[in-house]
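Below, chain A partners chain B and then partners chain C, in two separate complexes.
Take a look at the complex of A and B:
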């Protein structure tokens, strides 16, 4: 399966490199999307040095983590992000007749390398902020950081999966999922606690985005010593179960559009 | 003129078709508006003295921004026009007895207004009855409301002429670079953060650019952050940039069309 995925991966890479101008311009556009967010944060912090006890560099760390998780999810799981199109043009029927796992095939069907623009952005911010954010890096803290990024990426993948599942019922994409995916990334630039208690509760217990962001961030910044905060990203993965079940449920209801 | 009106009507009706999509979009815009306001609230709590607008003005700014998102968004428009350029179908359009530039402008304006019509009323209706710090307020005077409406229309025209330029770039790149155009204008027009939140020296320059003639002007006039003589100057700035972008677009289209070679068949 891994070999097959690598095959698909290289194929996408080659095909997207055929149109170099288009590729670089779209990558630049993707770089700019998160760059404007970054500029916004910078301008705001130029005016208000601290928010809810978080300094500019601490916010940058948070921004880099969320941007990286999101861009990785988008890079690999773009097939689910553009799922309504795959359903609409009948491509999905071809996926179903192949002798492999459906989710694997949709994942392999599309890899969006232009998202490297956003990934590059988060890398640059990491390079700037890691030595400056005041965190004393111990092996446990490095592990926390890795968990935040990887589990965050998986969580966004789960949300893409839910988005795709809705498309089975509506064929059109549902814009309201954007508040969780794009919104999660955009508003995730600040620790979710600044949005107030209700939002934090929602993002802890319902859609656990705060578990990969706010709680482990407290651990990184020594504002909390609790192991549970450090391991919160792992707990967040429980969210993937209902996502997967929902996708399976929706898949059973699938009827081809016939085109 | 009659032809353009017919085009406008046709596009408008076409845009009104997607009612379910508009409903789903509404929920997103509400949630988005709330989160924006909550974030600004946190900064207001952190240091009210450094807040460059009154808090209620920021709230009005954000709700209007959500309500009229379709008028001012610079992404998601003109894909069909870019497609005619890339595919070469533009040859048919050139054979029609209509000025191509005006036609594009008309079509995009109509699409914007149709999308905005569906979305603005519910957002405004709810934003007006929300509890206090979140509530959208009416402008202080009828004059302000009048200028807001004029400025809103002008701002939409400025964005649309900018979108045409974005499409025209396709003649040279043969691929859509909408995202690059959109990100630049979004940021400089105050879609990411309102222009008053920009650092002082940068703000002074940005406020003269064509992007400041987009959503920045009507939203700040409505919320009462721009009043009196700066309001008149603001509308004049919008007229100026509209004229420049309009003429510039027409000129660029003429120039680009010289490069177009129509093959037979």
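Take a look at the complex of A and C:
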């Protein structure tokens, strides 16, 4: 499976290299879009020194983590992000006549290298902020950071999966899912607690984006010593289960209705 | 062995009406229409057969193919292919079939065809030895040598179709489904594709199921025809049998010197011009040999051609008769 994925990956790389100029321009565009978000944060902090108890550098750390999780998810799981198209042009029928797991094939079907723009940005912010955010980097804290990014990426992947599942039912009005995906990324530059208790509850128990962001961030910043906060990103992965079930359900329905 | 028994399939299609007001209304309450795509469809295809699956647009051809490929689950009925139910044992089933969708490519657009082949090899887990021998044979038979290093986007339609067919056969499937394989091809490519399919079936024993609108495909390839209309099999037999049943009239074309000969019973004038005559002849009433003898006695024949009515005309006649 891993070897086959590499095969697909190299195929996308080879294809992408056929359009170098377009690749660099789109990547640059991707970099700039997310740069405006960064500027937004900077302007806010130009006026206020502290937002809800978080300093500029702490917010930057939060921004870098969410941006990196999201861009990794987009880079690898673009097939689900563009699923309505795959469904519409009949590519999905081809997927179903291949003797491999459907989710694997859709995952492997696209790799969006232009998202490297956003990834690069988050890397740069990391390089800037890691020594400046006041966190003393112990092995446990490094582990927490890695968990936040990797589980965050998986969580976004789960959301893409839900988005793709909806596409089986309808092609219209799917934008509401963007509130969770793109919205999660955009609002995720600030710790979710600043949006109020209701929002935090929703993002803790329903769509657990706060589990990969707010709670482990508290642990990183020594505002919490609880192990459960540190391991919250792992708990968030439970969310993938219903996502997977929903996709299976939608797929079964698609195969029995053909529409 | 493919056994299809009493397969039914219906689709719910949202009714769309013209006009802005109605479109707004449709946002809130949708009306659905139930379309019966397949209605108790049954047939059996033996190993090594070559079957032409024909019918007008919307008759249910694609739906049947999708069910046989395991993509769709029917509402009712049974289908067993090589001992498996396609939609239940999809993964082991699709390992043994090849599918060519004429309108959609399975090749990666921007990379050389050979690279696509290698990835497909890995998807099916074909071992190196089998892959090499399959590729060698396919390259020779479909004349792919030059194409393997070319990106798919630079191929002509005919070249691409040859590559598509090869791509579907790399894992040595027992059954090949071809959905309109000659659509849009030029004459040379069509003939090459047909020749290959014929060879694949006769020499390698691959079962071939072919949907097409091109009656020359059917004439050249299909030993057996399944005609589907309104979700049912209307006819099952060889082209010759169908001809016998539908229309046995022959077309006789002569070029001659002399006066226009008077017609006798059993002849029907189709076209007459200076020195050229086209007749339809019913051999039950008047054997073709007598037609020739008669014409030769009346005028001086310069040229003579006798032909059956074309498959195209016959199928059109069948569609008319069944009102599909």
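Criterion: the second predicted complex is superposed on the first by the 251 of 259 C-alpha atoms of A that agree within 3 Å, B and C clash if a C-alpha of one lies under 4 Å from a C-alpha of the other, contacts with A are read in each partner's own complex, and residues count from 1 in each chain.
Simple rule for what comes next: a residue touches a chain if its C-beta (ideal position, glycine included) is under 8 Å from a C-beta of that chain, and two chains touch if they have at least 3 such contacts.
Keep in mind the model is a prediction, meaning the values are calculated, not measured.
Legend: residue contacts after superposition of the two complexes on their common chain; A:256 is shown touching chain C, with no touch to chain B. Of the two partner chains, chain C is the only one touched by A:18; chain B is not.
When the two structures are aligned on the shared chain, A:241 is found in touch with neither chain B nor chain C. In the superposition on chain A, A:228 makes contact with neither chain B nor chain C.
By the touch criterion stated above, A:99 is placed in contact with chain C alone, chain B being left untouched. In the superposition on chain A, A:146 makes contact with neither chain B nor chain C. By the document's definition of touching, neither partner reaches A:127: not chain B, not chain C. Considering which of chain B and chain C touches more of chain A, the answer is B.
Across the two superposed structures, the residue set of chain A contacted by chain B and also by chain C is 19.
Contact residues of chain B toward chain A in the complex are 20-21, 24-25, 27-28, 31-32, 35, 38-39, 41-43, 45-47, 50, 52, 173-175, 177-180, 182-184, 186-187, 192-193, 197-199, 202. Of all residues in chain C, those touching chain A in their complex are 9, 11-13, 63, 66, 69-73, 75, 87, 90-92, 94-95, 97, 99, 101, 103-104, 106, 108-111, 115-116, 118-119, 122-125, 151. The touching residues of chain A, when paired with chain B in their complex, are 19, 21-22, 25-26, 28-30, 32-33, 35-37, 39-40, 43-44, 46-52, 170, 172, 174-176, 178-179, 183, 187, 190, 194-196, 199.
On the chain A side of its complex with chain C, the touching residues are 3-4, 7-8, 11, 14-15, 18-19, 89-91, 93-94, 96-100, 255-259.
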